[in-house]
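Structures are listed in the sections that come next.
In what follows, chain A forms one complex with chain B and a second complex with chain C.
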Partner chain A sequence: MEITLKLYASLSQYLPENSVKHSAKFEISTSDTTISILDRFNVPDKEVHLVLLNGVYLHPEERKSLNFSDGDTLAIWPPVAGG
Partner chain B sequence: MSWTRNVLRVNLSNGSITHEPLNMQWANDYLGQRGLATKYLVEEIDPKCDALSPENKMIMTTGPLTGTMASTAGRYSVVTKSPLTGAIACSNSGGYFGNEMKNAGWDMIILEGKSPTPVYLYIENDKAELIPADDLWGKSAWETDELIHSKHQDPMLRIAVVGRAAEKGCLFSAIVNDLHRAAGRSGVGTVMASKNVKAVVLRGTKGVGGISDPAKFFKATEDGKKVLAENAVTGEGLPALGTQVLMNVINEVGALPTHNHREVQFDGASKISGEAMLEVRASDGKANLTTNGACFGCTIACQRISTVDKNHFTVKDKPQYQGNSGGLEFENAWSLGTDCGVDDLDAVTFANFLCNEDAVDPISLGATIAAAMELFEEGAITVKETGGMELKFGSAEALVWATEVTVKGEGFGLDLGMGSKRLCEKYGRPEFSMTVKGQEFPAYDPRGIQGIGLAYATSNRGACHLRGYTVASEILGIPEKTDPLVTEGKAALVKAFQDATAVVDSAGICVFTTFAWTLEDIAPQIDAACEGDWSAERCLEVGERIWNMEREFNLAAGLTAMDDTLPKRLLKDIAAKTGPAKGRVNDLGQMLPEYYQLRGWTPEGVPTDETRMRLGL
Partner chain C sequence: MNDEQLLRYSRQMMLPEIDAAGQEKLSESRVLIVGLGGLGSPVSIYLASAGVGNIVLVDFDKVDISNLQRQIVHTTPDIGRLKIDSAKEHLQAINPDVKIDCIDHALEAKELVNEATKADVIVDASDNFQTRFALNEASVKTKTPLVSGAAIRFEGQVTVFDPRDETSPCYRCLYGDDVATQETCTANGVIAPLLGIIGSIQANETLKLLMGIGETLQGKLLLLDSLYMDLNQAILKKDPACPVCNIS
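Moving on to the complex of A and B:
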């Protein structure tokens, strides 16, 4: 299946070179989780803070176990805030 | 004591300037800045007075930490009755003006009455005088700043000034200091101009002393700075991308109000985001963002310094706008960009420059232009009113035109300067106004973030994210993550944020420290600086006292529980069309009664006698 991965702010550097606007589409297996995908792109775990699956927050536990559906969007940020 | 204990009172009607001691009993009860100045205002004006009459007063005020070595301790506030809302106004600014005021020896400057002719207030330590400003009236804030610096031949002057919009009665005029920092919300600049005061000019060389326990203070402030430096948000995130890092976050969670809140997600969000500000332009090889900057004493440095592409239509023949200037914050990029459907980064940046140049609140301006665009698209406004301009969502030309006429107070800009509520009422569609108590919404949609809806509805100064920034918890997980789509627990969350923020705003430091600091980090700094024991518990009680005092001012001014609400669009008429909140409205009714109960208020939103007694009101 195919999902969209979006890496923002300082995490953008870990996307493959052909990415457009902080976003890349790629094939994953049914056993992939957030953690396995981040490993694939060498994103350091300590830099990962906010993880959204289709805009909904994923708790750290869910990142280890939750699998994806075709067409999902996974968006990830380091610790960020604003006002 | 880190208060100077000195108040400067300026009677503009008769020109008298007097010094008086700070009321230290009130300082003990309300700390400083927002809390203490509001106490003075409550005691000195009739809450029912016309905000633009001589009966209203305007107070510039520092906190006990302002000007000290605490991180971000450069803040000051302007407290008055708002002409936009009729409620209490307290607008907070950074830059260097607050520090200069403290160094000149003043906790507070109270402006009362009205000058018969335009003046500016010049203060050099103990010396204060009113100087004719007829030659400055009609000048922009930036021109006035330059002319005053030149006249006094002193580049070290710190100047807070109003622009042309305030002179023309724009109800959301700000006071700009240090060219790019602003006491932005609720029309505090309109009040200053109504008193015929063009600027307040400061030079302070006394230093800031009187720290109660210097050794303890040194330790407490150093500990605080270490926390800020080691925190990923305040140490890395905010310096790198500023508040604008939120554009993509809030869009992804489906809480980015778009097209005057008709939608909750914007296709063009990434084009005007913090990340986009770092992208190199093809035309000149430069990025929108030149560098970051910091206010006095700040170890975070979230400020943006930007340029517009020299070939862009907004600045092509205007070299004065081609250099570095104050760049986009998230709120401004949202209001001028997203809410108006404009994804042209240069146009939005330029519109923001114009807001700084003439001291206008870009949140209220952008939100009002968005309302005007909806009025235009629905036919309630036509090219007859706009002089031919097609005021359509997505038009960068329309955005820039509407900004220019408003900041200069020309033609249709006078209508826009009334703000969204009065504009929509005038053109027969009041339901298009996205306001609470007459003040325009900030950048978070209450359908996608339920708690912020309650925070907007109950904010003492009208719709405002800075009175209780529950987004920190509901979206960003600070201090702990809560679900943005549930209402359970949000009443307590809103109250906690509101009370804690009231303390921060009264101390002289920046609210952005609270992404890393709790009151357990802040209280030791206040405790070491000030007389008496200032525990986190006492600070929180002071915050609650301030919140209730502001509430009582509003009730006395004629506001009621009926004003603690949101526009019908968000409660009933238009559910979120996309994103995680699809199908949702804001369920304010599920949160408000519990909020009143937690506050110790009656079901009508009035503090009970027991609450008043407990807080010493």
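Moving on to the complex of A and C:
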């Protein structure tokens, strides 16, 4: 199945070179989780805090176990605390 | 309300959702603003202009020339002054009706809980996770709504946590204490109008909370990548394992 991965702000550097803006589509297996996908793109754990699946925030436990459906969009934002 | 006040607030009082009743609520309200930097500047200016009766400003920092690109409540002659003094003078010039109290040190422990208890809304305009976690705990403990904004580089986030509603998530549901970054605008840079956008949304949410009108961002997190003008809204859920808001 195919999903869309969006890596925002400083995380966009981990997307493949042919990505448009901060988005890439690619094939995954039914057993993939958020953690396995981020490992595939070498995104450091410590930079991952806001994980959204189809616009809904995923808590850390859900990132280890929740699988995907065809057409899902996984979006990751780095933590932001400035002001 | 005297004739001058009626005239001053006429353009918002003509909105049926606000009217005289909403204006009265604003004049009787008290808002705690923590941080008088890039976010606290637009927040404080809009809340004072709108006639929020009591505003408490918290910041221990002094105005530096490098602040002036984005911290619009301060001006060049203010360099070297405490930000709370500079902001108070500017805000009183905009609206002398507003009572402004200043706190020139970090709000902690009992003093923080005391100020949170007295406030109708807490505005988090701070620049670090330590302060953000402390404000969140005080918000949950005292059941005072927390309007939370953050910005760095081209990215901004804003939401409302309202512990008066037991289903509301809190800031700690969103960020665990393992959050590693301590990135600041000082070290990483920020584009100035982004702070105006996020801070203005914080002010708008605060006014709505004070008047009890409309719907707030509770349960929703706005995420803005202003470099590409990509605006996202995420649904936030209460974390069943949250150590702050799920202690019964």
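Here is the rule we go by: the second predicted complex is superposed on the first by the 80 of 83 C-alpha atoms of A that agree within 3 Å, B and C clash if a C-alpha of one lies under 4 Å from a C-alpha of the other, contacts with A are read in each partner's own complex, and residues count from 1 in each chain.
Criterion: contacts are C-beta pairs under 8 Å (C-beta built on N, C-alpha and C of every residue); 3 or more make two chains touch, one makes a residue touch a chain.
Note that the structure is predicted; figures quoted are calculated from it, not measured.
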Check whether A:35 is in contact with chain B, with chain C, with both or with neither, and answer first, second, both or neither. neither
Touch test for A:57: chain B only (first), chain C only (second), both, or neither? both
Using the touch definition from the top, say if A:83 reaches chain B (first), chain C (second), both or neither. both
Please indicate which partner A:21 is in contact with in the superposed arrangement: first for chain B, second for chain C, both, or neither. both
Of all the chain A residues, which ones make contact with chain B and with chain C? 8-10, 21-22, 49-50, 52, 55-57, 59, 75, 77-83
Chain C residues touching chain A - in the complex, by the definition given at the top: 35, 37-40, 124-129, 132, 149-157, 173-176, 179-185, 188, 190, 195, 221, 223, 225, 228, 230, 232-237, 239, 241
Sort out for me which residues of chain B touch chain A in the complex. 231-233, 236-238, 240-246, 248-249, 252-254, 270, 274-275, 329-331, 465-466, 469, 472, 475-478, 481, 483, 511-512, 515, 579-580
For a test of understanding, state which residues of chain A touch chain C in their complex under the given definition. 8-10, 21-22, 46-47, 49-50, 52, 55-57, 59-61, 75, 77-83
Note: in the complex, chain A contacts chain B through residues 6, 8-10, 12, 21-22, 49-50, 52, 54-57, 59, 73, 75, 77-83
